[in-house]
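Alright, structures below, take your time with them.
Two complexes, one shared chain (chain A), two partners (chain B, chain C).
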Partner chain A sequence: MAKGVWLVAEQRDGAFRKVSFEVAGAARKLADELGEEVCAILLGHDIEGIAGELGKYGVDRVYVADDVAFEQYTTDVYSAAVAKLIKENNPSILLLAASVQGKDLSSRLVGILATGMASDCVDLKIVDGSLVATRPVFAGKCYAEVTILTTPQMASLRPNLFPTVENEKAAEVVKFDPAIDAVELKTKVLEIQKDTSGRVDLTEADIIVSGGRGMKGPENYNVIEELADALGATVGASRAAVDAGWRPQSDQVGQTGKIVSPNLYVACGISGAIQHLAGMSSSKCIVAINKDPDAPILGKADYGIVDDLFKVVPEVTKELKKLLERGE
Partner chain B sequence: MLSNVGKIFFLLLIASTIFVFSKRLIFLIRLLKLGKPEDRTDRFWERLKYTLGEVIPQRCVLKHVMRGDYAGIGHMLMFYGFTLFVISYIFHIIGGFYGNIPALFGTTFNNWFALLLNIAGLVVMAAVIWAVIRRYIIRPARLKPSMDAAIILVLVFGLMALNFAMEGFRFLSGSGDFTEWAFVGVALSNVFASMGLQEKACTLFHVFWWIHIIVVFGFGIYILYSKHLHILASHFNLFYHSTKPKGSTQPIMDMEKAETFGISKITDFSWKHLLDLYACTECGRCTDICPASSSGKSLKPFDLIHNLREHLLASGNEQPGEKEGGKCSAMIGEVVTGDEIWACTNCMACMEVCPVAIEHIDKITGMRQYKVLMEADFAQELQLTYRNMENNSNPWGIGAHMRADWAKELDVKLLSEDSDVEYLYYVGCSGSFDDRGKKTAIAFAKILKAAGISFGILGTEEGCCGDSAMRGGNEYLYQILAQMNIEVMNGYGVKKIITTCPHGYNALKKDYPNFGGNYEVYHHTEILADLITHGKIKLNKSAHGLFSYHDSCFLGRYNGIYDQPRNVLSAIPGMKLVEMERNRDKSFCCGAGGARMWMEEDIGERINDMRTDQAIEVNAEKIAVACPFCLTMIGDGIKDRDMEEKMEALDIAEIVWDAMGLREER
Partner chain C sequence: MHIVACVKQVPDSETLIRVKPDGSGIEEDGIKWVMNPYDEFGVEEALRLKEKHGGDVTVISVGPARVVDTIRTALAMGAEKGIHIDDPALEGADAYTTATALAASIKDIPCDIIFCGQRAIDDDSGQVGSILAELLNIPQLTIVTKVDVEDKTVKVIKPVEGGQLLIESSLPCVITAQKGLNEPRYTSLPGIMKAKKKPVDVKDAAALGISVDPKAKVTKMIPPPGTPPGKIIEGDDASVTAAELVRLLREEANVI
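Entry: the complex of A and B
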């Protein structure tokens, strides 16, 4: 009889990725309902020290394999190690993050373990002792509830959605032998090229502050950059600003640029032509600052400020900084 | 008449000319046969009528004279003059064996023919001189320096000069029939006489006779090796012109079974598309008028055709008879680059201006189909657009359930509630989703209601028309979208349709019949013109500002709707209308056709900005458009040029709505 809610924890350069705590939180909730344990699998190199940290997020036991082969993620060794452990322990549920790594790993695991998976889930619950996952279909217009008929019941979880849980208990750390010597490597990481701008990529950003034609010129973007710095946001631009040569093409949000869905999108001096809306209307909260009360963006915004952005934005930045200094 | 030895030599000359000529001709025909089959043999008399109508009155080139392109007159003079000479060459050859043929038809014929030929010779020589001045001194931008052209001009001039010299010496020598009517020949014979060439006249006549006929034969052969192949091929090309509705595309009919899609190598083209390559006269009019070329893109329609021809001839030389493999496959990327393939806005200006009915757009669409359906190698922006069309049946990916939201407060009938209406208003994606486009849809729906027209919409049952998918090479997606729309519309028994978008108009009218969708389709400017003519709507509010109408390619060149939009505007009291320099069939594209609407334009200048500049040039304050793509593009152009305070782009429906005094105050 399969038992236990398992998850694969993701780390990069010796630090957990936030989404792993979210997955742990979801696993904890399921395990409590089932009255089972939460076990995490952690793979990497020089990561033994961080394994215990997972306990704080609801994990009872962490299986760690520390090997130079796990230093960089490769599908072959990661899937082999995880699959071996899963086969040995036969858990009832296995969760992963629907991150780039999680999507790659989970699809390979499904094949090796010959089981089913619900991908990119937004909600999980237990019905009659079995996992029922909610996932968006038809470009997010509907939700489907699905269950998996084979074990382990696998699911990958959409980032930024599941709450983390706090836990006093420390996790038990167990080393395991991944037995990967026999794994035939099909790929090898040669080099990792990192974006050197230091800013979070637009498509991954939590908060975006964008400027459009209303910025009047490239020299005025410092107004927006200051607000972005105060918020810890990434700066975007409308097509008009990119066309005018004020911002690089890589900053463009819209139909012919990047499609983004941050938690907060601040549109400054952007009228909201459909080509721009197509790229950002799925943002959770939209704030628009525009002096034209008829600008279409105000119809899409959750909060709209009808005024000159050069008056409003510096004021907002100032107040934000004050709040942050006071630590509120 | 020649001596017996001369006759034998002449026979050998004729035989070798025929041999070389036929060998080349067979080679050219064999290359045509490498193309895919395509039936172009229907409607024989209609085709013949069209061909003769273009060629005999020289409509093919004279039509450009109206546009200020006078080269056609020179072409006409050479054409008529040379045609006469071709007849004389036949007489000339027969005459080599049997003596002077025109004389056999009697003195009257001989006199008239000699006179005509003399006049024609002078006219052709004058035309050649004009052509030389034009080509090498004035140098219009559309003409490329070409060795071919120089050789031909020298040959034509030479033929005329040789003919006159030959005639002069003939008269002087007293051989053959003399006629005063051949005034140039007579004059020359007098000149030769004064030069004291009387005694050598007979010899010189024979020398010139031989040189002349050798040049004639050489010319005949050279035709097959040069751009003057059009002298032969263009007639056939005109005859086999497309009889499909103008601007329709050839659907891929066996989508389910086909293993390859589109055009990747020269032999993927149909034989008619290869014949196009032979027919090209290298006049360069297509490149001259092309918005992509004018805005600095690498696409030059003339180069496209020329390079394909060179490629066809080269691949034919390298592997006679082989259909597959080898050099042929390197066509895309080497002969035609991806940038060229994707720069086309499908505006059809090239095809409209081409004197020999070359079909440029179909070639480009075919190559796009290959890029999209076989290689999945196309712009990332377009990938998103296609995905949005797949998921939500509109290019922006806005929830399909919101398609009818624009009409919520207008009390517009849905066909699902009541399908007993005269017209279906097919709103299209822009009118349904784009805030700017919705204004057009709302204005038009209100006008229809005010005029008491019975109409309804499909609401959420409507889907994207698929024009951008089809023209962007995604035939598969287009067919799915088209078939879904047709199923819905046929289900309601729809007969008459009105669209506010020329792209939907063209697709529904000309492409949907391929999949069982047969409707009477109207563009809203047609309906508006009709409503005004019949007094169904009253335009009583005066128009303010200077208007200029921008012709949409898909309405104008594709469907010949030039007058109705102008009539609608002219019917508005106080209307001041100015034409941009490029208008009607010469209109300059807004840059959004052929799926370009959904792609970044990062090479060269923005086409929409150039069009906006043309409107600024004539001081237009309101640019009237009849297409949502144009509306967006010109609107953006006005913003790019910082003219928002002074200019505005408006759909004709909005202008009419204003003139009816129906626009509510905000």
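Entry: the complex of A and C
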């Protein structure tokens, strides 16, 4: 019988990505309900040293494969290594992050393991011994409860939503042979172009400041950038601003852009079209600054200011700088 | 080049989605059905590659009778032929099952690249392209914003957290399209007229030789949780409202 809650931990340049701890926390909770163990799979190069760290986040055992072939993620070797281990161990549940890498890997694994997966989940629970996942559909206009009928029951988890757990127990670290020598490499990463802005990616940011049509033009985004600097935030944009060519595609938050869930989302001059709300409504705290009192975004906001953003935003920046200077 | 573009018909992104009172699904009346925008990027890219390198484009869709409109749209854009997989057993099918049907319809046609949207804007699942690639035992290039084909290889740009990757792959492969890949063309009247005469094969699960064996099912649809009304910070003096906002974010919301 299938047993155990498994996860694929994600690391980059030898450090765990925060979402891996969130996935571990979710796995721990499910495993405690089922009375099963939490096992993590860690792939990478020169990463053996970090494996034990997962114990602190609720993992009982970490299976590690350290190989130069894992230095850069490719679907070919990662999916082969994970699938081999999963087939050998037959877990009941397999969780991944709904990150760029997690999305690519998890859906390939669905194909290899011929199973079902609920992707980009916001909640997981056990009902009658089976995994029931809640996930936004229609870009968050409603939610679906999904039951996976085959094992491993797979789910990918939206970053920034699942709480981490603290655990006193150290994790047991086990090396495994990923048997990837026979894997035919059909794809190759030729070049990695790093973003040099120094800002955290939108999907990983704790704080996001976004500007929309109300910014009136690309030259005015310095107002947003300054606020973002004061908050240590990442800058986002609405579809209107991206389609107008004011901001790059990679900045777009919404149904056809990035789905984000930061602790704080500040929407400046964004009316809140349904496709934008879809991309950010799971943010923990939403601030809207908009001069139109009827803008739908104000209905979604925890705090709203109905005023000209060009007056308010610089004042907010000034206020934050005062706090910083006072060292608070 | 022989290119396949998989398309899904979905409610337009401006559609108000209403959950049926019993939670069994969504109300379908009044929905405007369109081609999934990410699939449209795939169709457009397929047509551009065909125009550059020669060849043909086949468009495939799974769904009920109304799906033909979406296939005809792709044919009007310039695709040569359509395959319509129509079987009640595939209605609301999970990603694996849908990919199985697509794979069965593709396996016997020559094909260098298969385009899918990176996700559909109805179920937001984002799995079908990769599962399809696995079932056909070919590589996948997911969430891609640029495609260049040279001889028997393809180079793509894939945005990742904190940058982008340049990836090379052998052909055939599956590519899933992300916004930014291109600007899809509009259909022209002559295109629409021509599309009416282009062939569309209709197949069901039996004709494809697949068994429908669900891996996942949606047990309940739930309306989104209502948001409690927020606080509007009143006042005409921006320095005062700004200071109040910062205080609330710090003392009440504890987010800064």
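In the analysis below, the second predicted complex is superposed on the first by the 211 of 328 C-alpha atoms of A that agree within 3 Å, B and C clash if a C-alpha of one lies under 4 Å from a C-alpha of the other, contacts with A are read in each partner's own complex, and residues count from 1 in each chain.
The rule we apply is simple: a residue touches a chain if its C-beta (ideal position, glycine included) is under 8 Å from a C-beta of that chain, and two chains touch if they have at least 3 such contacts.
Treat the numbers as computed from the prediction; the structure is a model and nothing was measured.
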Touching partner for A:Q255 - first (chain B), second (chain C), both, neither: both
Superposition-derived comparison: chain B or chain C, residues of chain A touched: C
Touched partner set for A:K141, first chain B, second chain C, both or neither: both
Partner chain in contact with A:S130 - chain B first, chain C second, else both or neither: neither
First, second, both or neither for A:R213, with chain B first and chain C second: first
First (chain B), second (chain C), both or neither touched by A:P296: first
Which of chain B and chain C A:E204 touches, first, second, both or neither: second
Touching partner for A:N89 - first (chain B), second (chain C), both, neither: neither
Which superposed partner A:I274 touches (first chain B, second chain C, both, neither): both
Overlap of the chain B and chain C footprints on chain A, listed as residue numbers: 138-139, 141, 249, 255-256, 274-275, 281, 299
In the complex, chain A residues that touch chain B: 138-139, 141, 213, 240, 243-244, 249, 255-256, 259, 272-275, 277-278, 281, 294, 296, 299
Chain C-facing residues of chain A, complex: 75-76, 99-101, 103-104, 106-108, 110-112, 114-120, 132, 134-150, 186-195, 200-201, 203-204, 207, 231, 249-250, 252, 255-257, 263-264, 274-275, 281, 284-287, 298-308, 311-312, 315-316, 318-320, 323
Chain A partner contacts - residues on chain B that touch it in the complex: 381, 384-385, 388, 391-392, 395-401, 433-437, 598-600, 602, 606, 632, 636, 639-640, 666
Chain A-facing residues of chain C, complex: 11, 13-14, 16-17, 19, 26, 37-38, 94-96, 99, 121-135, 138-143, 145, 155, 158-170, 173, 179-180, 214-224, 227, 229-233, 236, 238-239, 241-243, 245-246, 248-250, 253, 255-256
